[in-house]
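These notes open a run of structures that come right after.
In the two complexes below, chain A is the common chain; its partner is chain B in one and chain C in the other.
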Partner chain A sequence: MRERNRLDWAFICLVAAFQLLPILAVALNAFATDWAGTVLPEGYTLDHVRSITSDPRFLQSIYNSLLVSVGSLILTPLIVVPAVLIAHCYFPILDRWMAILVILPFAVPGIVLALGLLRIYSGNYGIVLTGTPWVLIFGYMPVAAPLYYVPIKNNLRTLRLTELFEAGRLLGASDFAIFTKIVVPCIKQGLIIGLVMNFTLAVSDFVYANLLVGGHFPTLQIFMGVLNGGSGRKLSVLITTYFVVIFASTAIVVWAASRRDDK
Partner chain B sequence: MIPVAKGTRLLAWLFTAPFLLVVLFFEVIPLLAVATNSLFSADLLSLANYSEILTSAFYLGSFKVSYLISAATALVGLVAALPICVVLRRMPGRIQQLITICANIGANFTGFPLAFAFVILLGISGSFTLLFARLGILDGFNIYGTTGLVIVYSYFQILFAILLLLPGLGAITPDIEEAAFLMGASRWSFWRRIGLPILAPSLISAYLLLFANAMGTYATAWALVGGSANVVTIRIGELTAGDVFSDPNLADALAILLVVSLIVPILADQFLIKPRQNTDA
Partner chain C sequence: MSYVEVRSLSKSYDGTSVFQNIDLDVAQGQICVLVGPSGCGKTTLLRAVAGLAQPDGGTIHIDGRDVTHTEAKNRGVGMVFQHYALFPNMTVEQNLAFGLQQKKLSAPVIAEKVAAMVQLMGLEARAKARPAALSGGQRQRVALARALILEPKLLLLDEPLSALDAQIRKRLREELKRLQHQIGFTAIFVTHDQEEALMLGDVVAIMQSGRFVQVGAPADIYNRPAGLAVASFIGDFNLFEPAQVKALFNASTDATWAVRPESIDISKPGKGHAQKDEGPVLKGTVSSVQVLVAILRHYVRCGDLLVKVDVLNTPGAEKFVVGDKVSLRIPKHAISEMRQ
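Up next, the complex of A and B:
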């Protein structure tokens, strides 16, 4: 059994290495003096980092991306989570419809949804949202909904809600109090997974940003597209920054979550 | 379901209303707009856009390339992810959670970051290209084409497949495995006769979602190959935002054909195959 255990670990490490390889390559390239015609870079420098941090577009794109992600992280759970909870507890019919909505973003590619948003919100019907962060924040919402729905639903299934509500009501608690004091703490884990995935989605998106805001509101990914034609070194620094942001924020959330879940 | 008083019921609907409105205004209505626009050509109601696509070798070719890439990378994703998930299931819960989160980051690792990373590794003067050339294998490899797309898509497809398969593997409990081994089953015959048949429904669902994921990929194809990649999403993007080929109504028709080709198998799976499973679970 020990032998097999060691093999398991070796296998998982190999998989992890495979996943990390492209990320490492970009990071190396960000600090390489010259990397052409050789397998590994010839030397390392901070010049590229300096040259890009002095570019105003760099900070602007990070600022814009964070604005959209934070906006999305505040508004999306506020709108989606109550609906998930209420549908699960009170309205089975709505719950069945939600299950369909959850598959929709899988079946309907991002570019198609973005196309639809472009048709509606670029002024054809008197509303112009394109070019503003709002179209991204609200546009991501239906796509992010399943990211909350699935893990929260998994948490909810393990709760005996009927008994919980009976007991709570017997003790004179309002339904609102039962939700906020009992149900929400029980779904915390699912909520945290949802938040992590929502953040990754908002920072990583290029399709919506490219079609709906483009140069009016350049996000990290848009700026990557701009740099793609030019110096690869600058792009590497930008991509490495993107990874640092994602890993750091994920690590913080996972750390916070695992502190409560010490089983 | 929990019984609700009338007042609470009203309040509950009020709390769900924002979500329903968002879905209506940012999902349903935009999709309806795409569908409606696809039926107009030169301001006249007609099926001209569809007949143009269905008779054009160029657009049909883009569907074919997309189908091939998606079918191949969905298979790569499943085949690679299944053993990974089987091993992961034997790991402590913490490690599983960690890998799930990493896989989620990886599955979102698309577009420019991913394409550029692979260019560094496998581009014309990429590390691995040089390494392989020195070893005398893979001479004249070119990542800026369909092969490149298959390799690069496979990266996020494998990670996405891990996310999709891991929860379903709970169906294969240790006691099933033990029972089989007690009766003398070999590892291979266990998987062939018991493991895979149990997992078949979730494998099918995962395959369809992976297929749809690859079909809908736009950013990665755009970043790696640009406009010359003949995949459906690139054609849609070009007809929407392109300077030369702009034809929004044709783009909408392409989009609707894409959605229909994805939604039919997924819905069939969800509503015909899945419910039957749930009744005996």
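Up next, the complex of A and C:
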């Protein structure tokens, strides 16, 4: 690989600036007194921030969103990751079906999936979860499955799993020990990618949240939807908060999952 | 009863027999090399002994214990794989410690054993490295160390050197032989490389199409091949069909003559042969000469036949060049008669 020269850096900065500009504009708008017809706002104020933070619905929505995200981050990998691993290691025939199964949530329009989930969780099959955070936690599961499946599968393909299992067994290890001590550490990268994308999905979703829980359990996105008709400045405060939460949480997930490497 | 005893072992996959009614004995402290072309069943046999493949019939005893239906991890065997099978997430030390941890040994004991093994294998400088940072030769040394550290009753090696380049292969072979003298393990070694087989084996078992065609000491296998199949697989042979024997040597036989290239005596006509042993003499012309490191290989045309003749590549030796008229004497004792 050749060394980067100034032109390369200029190009990278340009692309970065292009992507950061809208975020920056929204952040500025959150603190603007008035902003029309000028390049920069005419003045800055914390009024919008104060008015939003004094709104009880705001903190509640952040709390709700984090609850759903953390719930989803705990339950989804707990069910999806073992399924991916077991299918890959023991049932190559099922594994082929799994590949088709995981892309279904993307092939089916969101509205169809949401209505389907609504039918399942509204008591038709004896399960009533609608209006509770559980319906979102379980509803995100099929949508998040490919976010784990694809990167983990890529990690698994680079491993000679059959040999690793045989070597592990001959050294006296149980399959469970081989999974926890060898396979899972080897797919850590894929797992981190899955966790980050799972979190982003849970925090940023509006479609499922709106259809499945609506006003019963307002998440950050639903609250944004409510504010959408009103003040643009308040919405900017909300969106900026949302970006900060996303950045901070993603950083925490990445840090927590990659911490063991430093040893 | 020998240390490792395989009796009437059979294995087939999807109705295709890999081997049938195979017997194998390995004495304690010996390296038995299974050698044969790919697909002959040698790896399957090794995996059956390891417990990684369940045989359809027959028995396997290791150190007097019937292990035919014992789980792989309880057989007391260690295995070295062709592609190392090191755990990529662990350092060299952690790889070595893994098996000991499964045995629930205490941490100080594990640390002590790992340190000793690291030293024995000369891996001190790489002890904290992960497999990805090691060279092929180092990886295979770690794999060997990982198997040996558990002091297995039997060490199984599945083409452990075939993924390495020639120089490192040679060095590791010598190292393996040294370790065997030092530790005295019993091993079954699978390879398709005849040179490796003869160098490493105390006993060499040549396998073809799911059966042993010859089992014996390396020197015997080289000098007294049991048949044409062995002769053509191990080392180089000049083969003279009965009709050619009749035409070239005016002798009648119903057997094919097999003669090693290095046992033929080559000289300029009229100079006389060094070897006093009686034997037929051939006249021919050198058609090409190849330098095979320590030996010079001459292809000598004698009528329709191209005869291979090897001479040690020493500075003082008489040199033959393309076009030289030469006389070849084939000592009687060097002729192996082969019947199909």
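Here is the rule we use: the second predicted complex is superposed on the first by the 241 of 263 C-alpha atoms of A that agree within 3 Å, B and C clash if a C-alpha of one lies under 4 Å from a C-alpha of the other, contacts with A are read in each partner's own complex, and residues count from 1 in each chain.
The rule we apply is simple: a residue touches a chain if its C-beta (ideal position, glycine included) is under 8 Å from a C-beta of that chain, and two chains touch if they have at least 3 such contacts.
All values reported here derive from a predicted model rather than from experimental measurement.
Visitor: In the overlay, work out which of chain B or chain C sits against more residues of chain A.
Guide: B
Visitor: With both complexes superposed on chain A, which partner does A:V70 reach: first (chain B), second (chain C), both or neither?
Guide: So A:V70 meets neither chain B nor chain C here.
Visitor: Applying the touch criterion given at the start, work out whether A:K181 contacts chain B, chain C, both or neither, answering first, second, both or neither.
Guide: Once the two structures are laid over each other on A, A:K181 reaches chain C alone.
Visitor: Quick one: is A:L46 in contact with chain B, with chain C, with both, or with neither? Answer first, second, both or neither.
Guide: After superposing on A, A:L46 lies clear of both chain B and chain C.
Visitor: Name the contact category of A:I120: first (chain B only), second (chain C only), both, or neither.
Guide: first
Visitor: Once the shared chain is lined up, is A:L201 touching chain B (first), chain C (second), both, or neither of them?
Guide: After superposition on chain A, A:L201 lies in contact with chain B alone.
Visitor: Check the residue A:A248 against both partner chains and state whether it touches chain B (first), chain C (second), both, or neither.
Guide: Touch partners of A:A248: none, neither chain B nor chain C.
Visitor: Should A:I86 be classified as contacting the first partner (chain B), the second (chain C), both, or neither?
Guide: Only chain B is touched by A:I86; chain C is not.
Visitor: Name the contact category of A:A17: first (chain B only), second (chain C only), both, or neither.
Guide: neither
Visitor: Considering only the defined contacts, which chain C positions touch chain A in the complex?
Guide: 50-52, 71-73, 77-79, 81, 83, 85-90, 98-99, 102-103, 146-147, 150
Visitor: Give every residue of chain B touching chain A within the complex, in rising order.
Guide: Within the complex, chain B touches chain A at residues 1-2, 4, 8-9, 11-12, 15-16, 18-20, 22-23, 25-27, 29-34, 37, 83-84, 87-88, 90-91, 93-95, 97-99, 101-106, 108-114, 116-121, 125, 127, 130-131, 134, 155, 159, 209, 212-213, 215-219, 222-223, 233, 236-237, 240-241, 248, 251-252, 255-256, 258-259, 262-263, 266-267, 270.
Visitor: Quick one: which bits of chain A touch chain C in the complex? Just the residue numbers, please.
Guide: Residues 159-160, 163-164, 166-173, 177, 181-182, 185-186, 188 of chain A touch chain C in their complex.
Visitor: Okay, in this complex, where on chain A does chain B touch?
Guide: Chain A reaches chain B through residues 8, 11-12, 15-16, 19, 21-23, 25-26, 29, 36-40, 79-80, 82-83, 86-87, 89-92, 94, 101, 103-104, 106-113, 115-120, 138-139, 141-142, 145, 161-162, 165, 175-176, 196-197, 200-201, 204, 206-207, 210-211, 221, 224-225, 228, 232, 235-236, 239, 242-243, 246-247, 250, 254, 258, 263.
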